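Next up: the structures, one after another.
In what follows, subunit A forms one complex with subunit B and a second complex with subunit C.
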Partner chain A sequence: MHSIQGQSWRSVVKNVYVFGILAIFFIVFTAINPKFIAGPSLSFIIQTVAPLLVVSLPATLLMISGNIDLSVGSILAFSGVIMATLSKGGMAAWEAVLIAAVLGLGVGWINGLLVSHLKITSVIATLVMNYVLLGVAKILTGDTIPYVKGVQSDFNVIGRGKVGGLPVATFFILAAIIIFIVLQKKSVLGKYSFAIGGNRDASILSGINAGRLVWLLYVITGAAAAVGGCLSASKMGVADATSGAGFELDVIIAILIGGTSFAGGEGSVIRSIVGAFIVSVLTIGLNMAGVESFYQYVVKGAVLIAAVYLDKIIKEKVST
Partner chain B sequence: MDGNKKKGLQLSEQGRLTLWMFGLLIIVLIVLAIVQPAFLTQGNLRNVVNQNAVLVIVSMSVTMLMITGNFDLSIGGIIGMGGVLCAWFCQSVPQGGAGLPYGVAFVLSLLACTGIGWLNGFLTMRLGVASVIATLGTMSIARGIAYIGASGSMVELGVPDVFKVVGRQEFGSFLTLPFVIMVIIVIAFFFVETKTVFGQKIYLIGANIKAAQLSGVKVRKQINTLFILSGLLSGLAGIILASKLGAGDCKVGLEYEFNAVVAIILGGTSIAGGRGTVIGTVIGVFIIGMISNTLNLFGASTEWQPIVKGLVIVGAILFQRFAMGFGDRHKLRLEAA
Partner chain C sequence: MDAVLQIQNITKTYPGVVALDDVSFDIERGSVHCLLGENGAGKSTLIKILTGAQIRTSGAILMNGAPIEAKNTKEAREIGISTLFQELNVVDQLTVEENLSLGMEPTRFGFFRKNPDIGRMLQTLARLEPSIDAKQLVSKLSVAKKQIVEIVKAVETKAEVIIMDEPTAAISEGEVKRLFEIIAGLKEHGVTVIYISHRLDEIFEIGDYVTVLRDGRHEGTKKIAEIEGREELIRMILGKTVVETYRPREVQKTEKYIEAQHITNGKLKDVSFDVYKGEIVGFYGLIGSGKTELSNVLYGIDAYEGALRIKGREARFKSVAEAVAQGITLAPEERRSQGLFTMLSIRKNIISMNMKKISRSGIINAALIRSVSGEFVEKLNVVTDTDEKEVGFLSGGNQQKVVFAKCLNSEADIFLLDEPTRGVDVGAKEEIHGIIRQLADEGRTCIVFSSELPEVLACCDRIFLLHEGALKAVMDNAPDIDSDEIIHIVAGGGEA
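For the complex of A and B:
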């Protein structure tokens, strides 16, 4: 039982510490390599964070509802491949993105079907989907790597292009931020997600159609992952079936570092935004510090564990 | 609540499911033999049996973990790490290795892998991190160590000949050492599962962790042991695979966590925990192994395999629901009569 004062103190700490972590990463990387503060232009950071952020926000709502999506990495790679294929065929980029998003939506629908309707544990259902979709992406690309040759010139626009000095990716980020903050704070879906994650049985007893809502969250996450995949492929100029490897880890780190509970019932889209920036700054910082990509696996694994542990400590300290 | 009756009922359900799966194995065998004549040749059967030995080895402890309601997603990473470390430890110094004797390299590599398993247990049981998250983190760490050890490719040159024994040694024209190791490990796990208190407790934990705790089961110690075993067996599997290949390749073991989950569920282990057998898992591995093998014989590209496996796993879950549901209805009728 907390007093009201305790509650607000708790929420202040919980909402602020992620910014502290972000600041610490900034300081550390600047100390290692003074170029860091000036080096990556803001637009580079924005372009890097865009795919991760667009996916992390719906995945946060999903995790708040007590579910996980391990297939986002493959949806990302798959939709990049789809976009490149369509672009190769002469389609305009925005149409290709739209189609990729619809396919991502379909994949999310199947995830939802497996989890909500067939009642398969979300870890297993989405783990299976991850490898199935990876196989599909590999079949589509065959042995052609890199899988973008002779695509439409507007292929790179959404990932790298600029409009009036602002990276195009900014608009995707802003749209995602607005949509998912509104969804979390103002919509029934957001409110019920907390109820479902907090106590699924109780939520069902009080008349919430938990299965349907979780299904919807999977559909939204699938579509968002597809858009993220287009952003990522467009930024790199390459669509590669294996480009999603490790992406689910980034998403989960971004969400958990923002203090969202893996068990569900607790979390915040806003803190996941900061979490996504933390992961991107970490990636850019390690690259700029000249750390070989092999080491990044170790660092990210360690950061994931540290994030979970830190969250646990904070919750314990603040609640006593 | 009559404890004895409950237990007897659970065993018979499990037995029935294992029997169903064994029947499925036979059916798959017959169907494959009919559609693809090349399947039943001795050389091919030898391949199927020996190629799947490693997956059986890693799946044993993962099955038990799943029965307790925990996941281990780190096995693939540990397999990569075990193979690379073992190769690197015994690689000659001029080639950039540590130049240790093979025996020492073997033990050190297994110790490192056991360490990852211990870390999994520590994170899950001590720090209360969900096993999915903890093992996702350690998967990345172990894979990273494999990449670092092999500089992103392979530890191949200057590896002693003895390195290639454990994966390639043959007995007669049919059996290989990995298969023999597999049989020993399966027998050991079967014994532990059916004849020891340790095995009984695993089911207790999976069925109701709080009840298990209250009845004096040391849940933390039990699950820790399983995670450590899982690290050890994955390391062993990694060393065997590297030995087969003749090199420590940092990319070996990708998708193993997926393959293990497919085989385990196909073998009748419940995704919610509390139910399952190691023998079922062995059957599951071989059903999937035979199907993949036949796809290969038909010349399907390897990319189709996860798709087929995905369909098989969803089918298996639904089939088991049906089989168990059928059992329940049957029982209800019996009780009503």
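For the complex of A and C:
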């Protein structure tokens, strides 16, 4: 009994420490700039975190299964461009988002094809896809930046708009949270992701079609990245082919800060939600502190290293 | 005999190695059939063929009289052959219950339904090992309990044959007892167990039949009850036919190259010995006797207590690089994976341990490579049309010669040779023994670690007998040496 109790105490530590990190960031940024605590409204944080969160959650399941998607940044930018193009053509924003999502799903399908069917290492396959899509997005926009002139008036609604005082992005966030927590905790896909990432051979021997499930995860991640791209473009009011640069790193930081194992087999969608908030608070805090974007890369990189190392230490302590 | 499995004329060849050579025997339904043999005798290859992990070169496997053709472990499992591999196939991150039903859960629209079989599975689990909590994470279980989870899963997938690959290698004595009770229970339910272990006592305790493989060949299948004792089994495992006889060599025992004093670590118990310049000595013992561990100590891989002097100088290697710098080199046991760069050419393998010799001021010189490589190909008689051929395509004997060439080129004068003729054919064996003698005649010291008695008898001047990490006896080799006495000692029968 003692060990069971010890175990649950430890798993509490493991699950809760990310909230601590989030709190520490709040305190640090408030100390640097007292306006921070009052400064960014909750709406602003929600609008900032929405694209990241919507993508990080499916990508968490993907990482739990032992795979990675480095093409999310380009899918994000590409779908923003698609949305703007369609909106220019007179299409309603909601329809444009749907079509972008279908295209993102298609890109995810190709990623899955490369990884599961052609058995190309996921890092390589999605890195290449990232490159290809960057090219496609640039072809679509040409040199025109900002590429939003002539969009419909509802273009900004999902990213910046409000319904009944709540940012529209809130609903995307809530939907993503509910969908992916249920998928992780209750669905075959979620449970098998852990099995595949934990011991691929054992799961295949148990009759699990690992390749097909990983493929499905890529499709879901691709669609989610496209929705994230629409949220981002709509919020910025800019559809920029290069806007996805570094986004995949934000996603990875969010997931790893949440303690999901890069090697697969363990992780948590809930903790990735916190991870996404941490990354967004960090971004906002650095912006408010007047740190230039180039330096932000350096800081984020350092945070990632620290987070991964901290996670390693905590796991070692917890497991002994 | 009611045979559940019939193995007929199975042969498996790899480039350069005959792993199984025309092996045939039957396995009786509901028996515990033990599979014995030294490392490299072909046990694992046979298991891999039975489970579909590898495809046989020729021969047939019949199950219940009908030929089977499993293309992978999953298909074998569906046919009714489950395997407990040494690397257990459980998912650590899931609970016991989740592992048991993994892959077999009924689902609807991508969500789980209640599993009607889980009750029965948990009952079986409770019957076999009540102390396992079904809600526990598998990562928290001991190896023995993980095995039991796998056994439950195998039983519940209607396995007729369960293969256990050294199941007791990593579990405690009490757990072994429990495992044996479970195996006895499986037998009662008509399940056949193919049991692989190096521990002979276990074979006598739970086995009904034993099949011994040696050097890829079927040495024999016998009822355990008809076997007279450990020594008969050991004789089957090791074989007694000496192909070559020892030709005595004159060694001037003047200069001590290796002085080992009270070498002790986790596996070795107070091992002390001297080896002289120009000598060939053989360390001989069964698996687990400490051969590999001793070679690891001499090559700077493992830590130890005690003292080691190499060529008169105190040595305490912290890395392999330090050992190599002192003129020690190793021809490892796993030639293909540890000794060679199989995707590189003969030429590039030979030069790999000594870049200084083929470069000038850090720039590699192609002409030097050709001359160095050519010299060794000729000296060691590597049979090939060109030294630019990929090493992976060579025969086992030729591959070993390339390993020797690579070691020679490092300008070492102490050669550690771990199973130098494993998996090479008889002719090439004699040739390699000849090379070892030549190396020693030229003043190098050779230490052979071998689990083949004929090899040790054929080429070593002195034979060091190991048993459970201790040096039990040192014998001077002679054409009329008493091999019965040697077998007696390495089987734990006491000092000479």
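Criterion: the second predicted complex is superposed on the first by the 318 of 320 C-alpha atoms of A that agree within 3 Å, B and C clash if a C-alpha of one lies under 4 Å from a C-alpha of the other, contacts with A are read in each partner's own complex, and residues count from 1 in each chain.
What we mean here is this: a residue touches a chain if its C-beta (ideal position, glycine included) is under 8 Å from a C-beta of that chain, and two chains touch if they have at least 3 such contacts.
Please read all numbers here as calculations on a predicted model, not as lab measurements.
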Query raised in the report: Which holds for A:G265: it touches subunit B only (first), subunit C only (second), both, or neither?
Result: second
Query raised in the report: Touching A:A239 in the superposition: subunit B (first), subunit C (second), both, neither?
Result: neither
Query raised in the report: Touch check for A:T121: first (subunit B), second (subunit C), both, or neither?
Result: first
Query raised in the report: Counting only touches as set out at the top, which of subunit B and subunit C does A:V274 meet: first, second, both, neither?
Result: neither
Requested in this report: Return first, second, both or neither, reflecting whether A:K191 touches subunit B, subunit C, both chains, or no partner chain.
Outcome: second
Query raised in the report: Which partner reaches more residues of subunit A, subunit B or subunit C?
Result: B
Query raised in the report: Between subunit B (first) and subunit C (second), which, if any, makes contact with A:G207: first, second, both or neither?
Result: second
Query raised in the report: Which of the two partners, first being subunit B and second being subunit C, lies in contact with A:V308: first, second, both, or neither?
Result: first
**Report entry** Shared subunit A contacts, counted only where both subunit B and subunit C touch the same residue
**Finding:** none
Report summary line: Residue set of subunit C touching subunit A in the complex reads 73-74, 77, 88-94, 98, 102-105, 107, 110-112, 140, 153
**Report entry** subunit A residues touching subunit C - in the complex, by the definition given at the top
**Finding:** 7, 186-189, 191, 194-195, 197-199, 201-208, 265-266
Query raised in the report: What does subunit B use to touch subunit A in their complex?
Result: 71, 73, 123, 127-130, 132-134, 136-145, 147-148, 151-152, 255, 257-258, 261-262, 265, 271-272, 301, 303-307, 309-310, 313-314, 317-318
Report summary line: Listed in rising order, the residues of subunit A that touch subunit B in the complex are 68, 114, 118, 120-121, 123-124, 127-132, 134-136, 138-139, 246, 248-249, 252, 256, 262-263, 292-302, 304-305, 308-309, 312
